[in-house]
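When the chains are written out, they are named A, B, C, D and E in that same order, and each has its own residue count from 1.
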């Protein structure tokens, strides 16, 4: 997530200059041919204009849907924040063993496993998928595939939170976060059986676990079900068709002018309009996958850290980690 | 569901080439008549352009609604994932007979029936409906009608999960999945009556059953209530009217040009614009029915399998089935 | 609800041919006057085109809202399906008198009253309202007003479900369905007082009743609060203004052509564009009221029947009614 | 709320004729100047057309948002209906003192206070706000400000429902409805303390109170937070700018015609397009505030009455008030 | 929030005059060059018009999203109102120590801490963020950064509500509001342990705390996650590209006219269209951040005050603070 007011023009342009350049290079021979030969290659502008407006609608629909995906992803992680705080407050008030230091130990264990779950979920969500923009992954932050590096990264982060034995038990499982939460559920039942809280409170804990599963599952839904590729592809190929016809249509307009050199204006104009359309196409494309480990991601690392700080402070800890800061205006 | 970044151009084109070809064939005699006779058949472009923009709006509305249907279907199955995990965690913590092996047997029975319910639901959802695209069904995956093959398919998949006797009891019922869940409810009451869990926990189980019924019913709503055919038909006939007028309008534009051969450009241009409009029309049309057993389906087989793996791993099983893999980029 | 893939062209056209014909008849004298007199009646096309695009937007907004009404109506009835199944499962597991045949009798009584409630609600929803399309009501299915026929129809359908005495008690009430559900609530309290289920289970029943009231109220909201008539009227009059100007504008375009007879093309062209715009106007208009007893209704008769079948099968009945079948492709 | 199928044309036109007339009066001297002087005042049409389409989009966005406000308001009051019925059913089944006549007295007291709350809320919601259309308030129905008349109106309506002493206690409070509901909560606790219902049932009552507070608060949100004035103002001023440029642009089109008198067509045409645009602007504007006491209001008086009838009939009363009828097609 | 019916034209214009002036200044030399040199600098209008319409779509999408952010913010704070009233009613009915004056003291303590939480949340939400419009902050109302002034402001407001000791404990915490609510949770558990209310009621309190955490977290989500800057930047740069091409395109139109002086009309026309487009761009931009301490903010100070009044009146206090009044039509 970018945290400054606007991407400046050159940043925007640099990121998206390919279609501009290709637009120029494509229009150049067309203009040249028209200028140096006698043959009229031009196409009438009117139908191309209807095409352009239709494509702009379609891109609007796509941008809307992509934005909804990003915004929903942020909502889900907002939900995780809220559930985690409620869980923290519940753990700190509901659990009573009669022995303050035992209370603290149990509370810590539950809250630390919760932070471990956040960590595992975060890593799982940033594994790479076929339809994502691998070329834009922030280097070194997350492993793109399940491998030894991946497990080491998670292990390093959770080693202070759960026992190594517990972690090793999760490694062969298909979905680590799911099994962590199941452990949490079993432990809560065990604590209840020990009489540390009653049925009413246990059921509230159970509903929080249901909520965490729901938020995890919602994140995974956005991760695993891309903006349907048929819709995305039509956006791409429609933009492509429109911009492919563009310079031929511009020719007919510029050739109406009396100044013969005006024909060359086809080239920059083509580049510019091609750029604007592909910019609108790309901006949606690059916001479709809010967990791909790239710069426009929903900042789940930073959100997880904020949750960790709040929960540790509820436990009375003072030596809490610092919030994640933006680097060059990007917050991950 | 397609899992690669984009359908490539030829894949897209091949899938939708019919309107392109028909567009060509329709425009050809029109251009020829105009060229070889003296009569001016052309229609003015301006009103056709207003028509085109209006039709593009309407298609935008249709695409939006179709997308919402697909996305809602995915959300519902995401909800089934979340509910199933919570159910798994609850079954594994709440049920306590005092005898570990008895615990496991009961837990298994409940979870296996849950997987059987998923299977039955999945098969029911992929029976065919009048308004679906039967020509695009993936061959052999699902039976299109209720018949012996259909029952055999389900039987084969659930034979390890529920007793044959139980399965035979479901066969005459109108809705197998509904009755399976009702059995689940009766069994939970019986287990409660045996004292294996108390009222609080029973009520949580009951609410999960209500949730599963809700998600089943939501899937069936999308299955059984198509995008209203009056809206779909207007999209189709409007696109048809626009593209039928198209070559006559293009004639008037190309005949303004001095080069007489330009008139023939009407033909490819007609084909192209017809193609773009019908592409936008079809893309929505083919995403309306997310459970029709075709390539753009929400991948419910794969989702069900993922649930099965998670639930079996919660039971401590290690010999779990593999996740469903995409075939040629398609995940079912 | 129409259940085939598309309304065919002539079906669509027939249903909406009035604006086409009026468009023709209106344009004819205009073209004739222009042709046979020397006076130029034409209006410039450009502003009319801006008007047309603006009206197309507005119709898009209206179609969207109408569709949302239909879809919400279907969602609500989907909710009734889900709640009813949960109710069925609850009734069949929760109620225990200790005597199996007594159990069955009570369960039957509750479930039959539930089906009676569905029936009453269904009839109430299909009474006619001032703003509905009375000319399109399916003949003989439902009485349009509260009268003896209306009560007889309901009585016939519920006579096997509740006692005649109970039914007579409802007749003077303003809202039969509401009072039926209130009876259900009182009976559940009485059954609880007899010790047939405990507080936990009673509260679940109570929440289901709250849900049924909510779904009933939501249906009534859509029934009783039309798409605001000010918005609907503006759509109508805007389309009217646009199509009234249309032939005058087309005149100016066709009179540019050298072929004098082209002026007559104004007539079919006017008819066609008028038809397309009114088609978009009407399609929303005829989907606004999903319970008006007409062909595009949400199929609440068929949904109610499906619920009845599921609930009776849960009771173990085998002599259940058949599902409602579509007639000529229409499902009510 | 208007209850007929459509506002007829003249009703619509009369209501919105101001912009038409001003459009005429504004265009007249412009056309005259152009006709009688030699100076060409015309502006080119093309950029004005882009402006027109852009403004039409913006109005579409505004109409959409206004409609959402009205529809949400209706949903909220639908929610109040549903909650009230559930409350009625709960009051009539849950409360058991052992003495039938005492039961009835208590049930009546609770339900009557509920109707009093509806009345107070209704009056509060129809106090006037700075941004509302005061000129359109239905005369005499509701007092626009808090004053003696206002309190007398409420007092008259609630005098049969709660004791005068109780009503006097509410008068100095900032929000009468809020305090009424708080009294309801205190009374329910007192009834519980007397043993008339147990904890389970008390908690259901408490959740209903939470729901009523939520629906009250949602109504107040729509009442107190207008469609943001910055968005509304931009719609207004954009429409204004477009229509101010309109006749100058039309001049350039009509002056192309050979018939000199055509220049005068600028005048009616200007009026007409100005009218269509301001009609679209006004229709949203007049649906923004669904509780302003004007003709397009959500009919909360009628809804409240329907609730009152249902609740009284649940109590077994037969002497219930009549439903509110529409007056001249308007239901309040 | 602005509370009058419309921003008047000059207010609107003044606020947004920069693009108008820059539009003028930018077009002036272009028109001059064209007039005084022989070179034709003009660009054809048609493609610029397609660009304009596409940009207008994109701005529509952006305005829609910004509006949704503001409206959601208002909904969240409406939720806080509703939850707070329910909390007030619950505190006043549920807590019973047996000693009326002790009851009052405890109720007061809980409600006052709730108001303190509202205050802290309000201050936190109005700290400034990188992407906000700092130039528009209302002076002196809120401190833009965490500093001594900030703590003093909060301290001053909460000093009558919670003990100084309690407040000092919150100061080192990352999120004061979160920890206040955690204290509330702990105190409620302690009160329950003293027997002042039972489990049922405690759980209702717990759910209210979960709700308050949810509403706090939702506010923070809108505060901390801006409208994605990539979307915002594309809106800005697209508008910029369109308006940069604008005067060159207008030149070609005005130079068609026979009156040579018409070329100068390019200048005001450019200014005007530039202004309309940037007005639509800015209006969304300035409604994106509903908690930035500027004039279009959701009025959280006023809402908090209204809650405070309602809650104090529930406690029976008569010496309650006045509602916040609008200043110059602005309510904060």
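The definition used in the following text is that contacts are C-beta pairs under 8 Å (C-beta built on N, C-alpha and C of every residue); 3 or more make two chains touch, one makes a residue touch a chain.
Just so we're clear, the structure is a prediction, and the values are computed from it rather than from any experiment.
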{"item": "Averaged-CA centre spacing for the pair chain D and chain A, given as whole angstrom", "value": "40"}
{"item": "Rounded Å distance, chain A centre to chain E centre (Cα mean)", "value": "25"}
{"item": "Multi-partner residues of chain B (each touching 2 or more other chains)", "value": "49, 53, 57, 60, 200"}
{"item": "Pairwise touch network: line, ring, star, complete, or other", "value": "ring"}
{"item": "Order of the ring members, counted from chain D so that chain E is second", "value": "D, E, A, B, C"}
{"item": "Complex contact set, residues of chain E against chain D", "value": "1-7, 9, 12-13, 45, 49, 52-53, 56-57, 60, 63-64, 67, 70, 74-75, 78-79, 81-82, 85-86, 88-90, 92-94, 96, 198, 200-201, 204, 249-250, 253-254, 256-259, 262, 265, 269, 272-273, 276-277, 279-280, 283, 286-287, 296, 298-299, 306, 309-310, 313-314, 318, 320, 323, 329"}
{"item": "In the complex, chain E residues that touch chain A", "value": "40, 43-44, 46-47, 49-51, 53-54, 57-58, 60-61, 65, 129-132, 172-175, 178-179, 181-182, 185-186, 188-189, 193, 199-200, 202-203, 206, 209-210, 213-214, 216-218, 220-221, 225-226, 228-234, 236-238, 240-241, 245"}
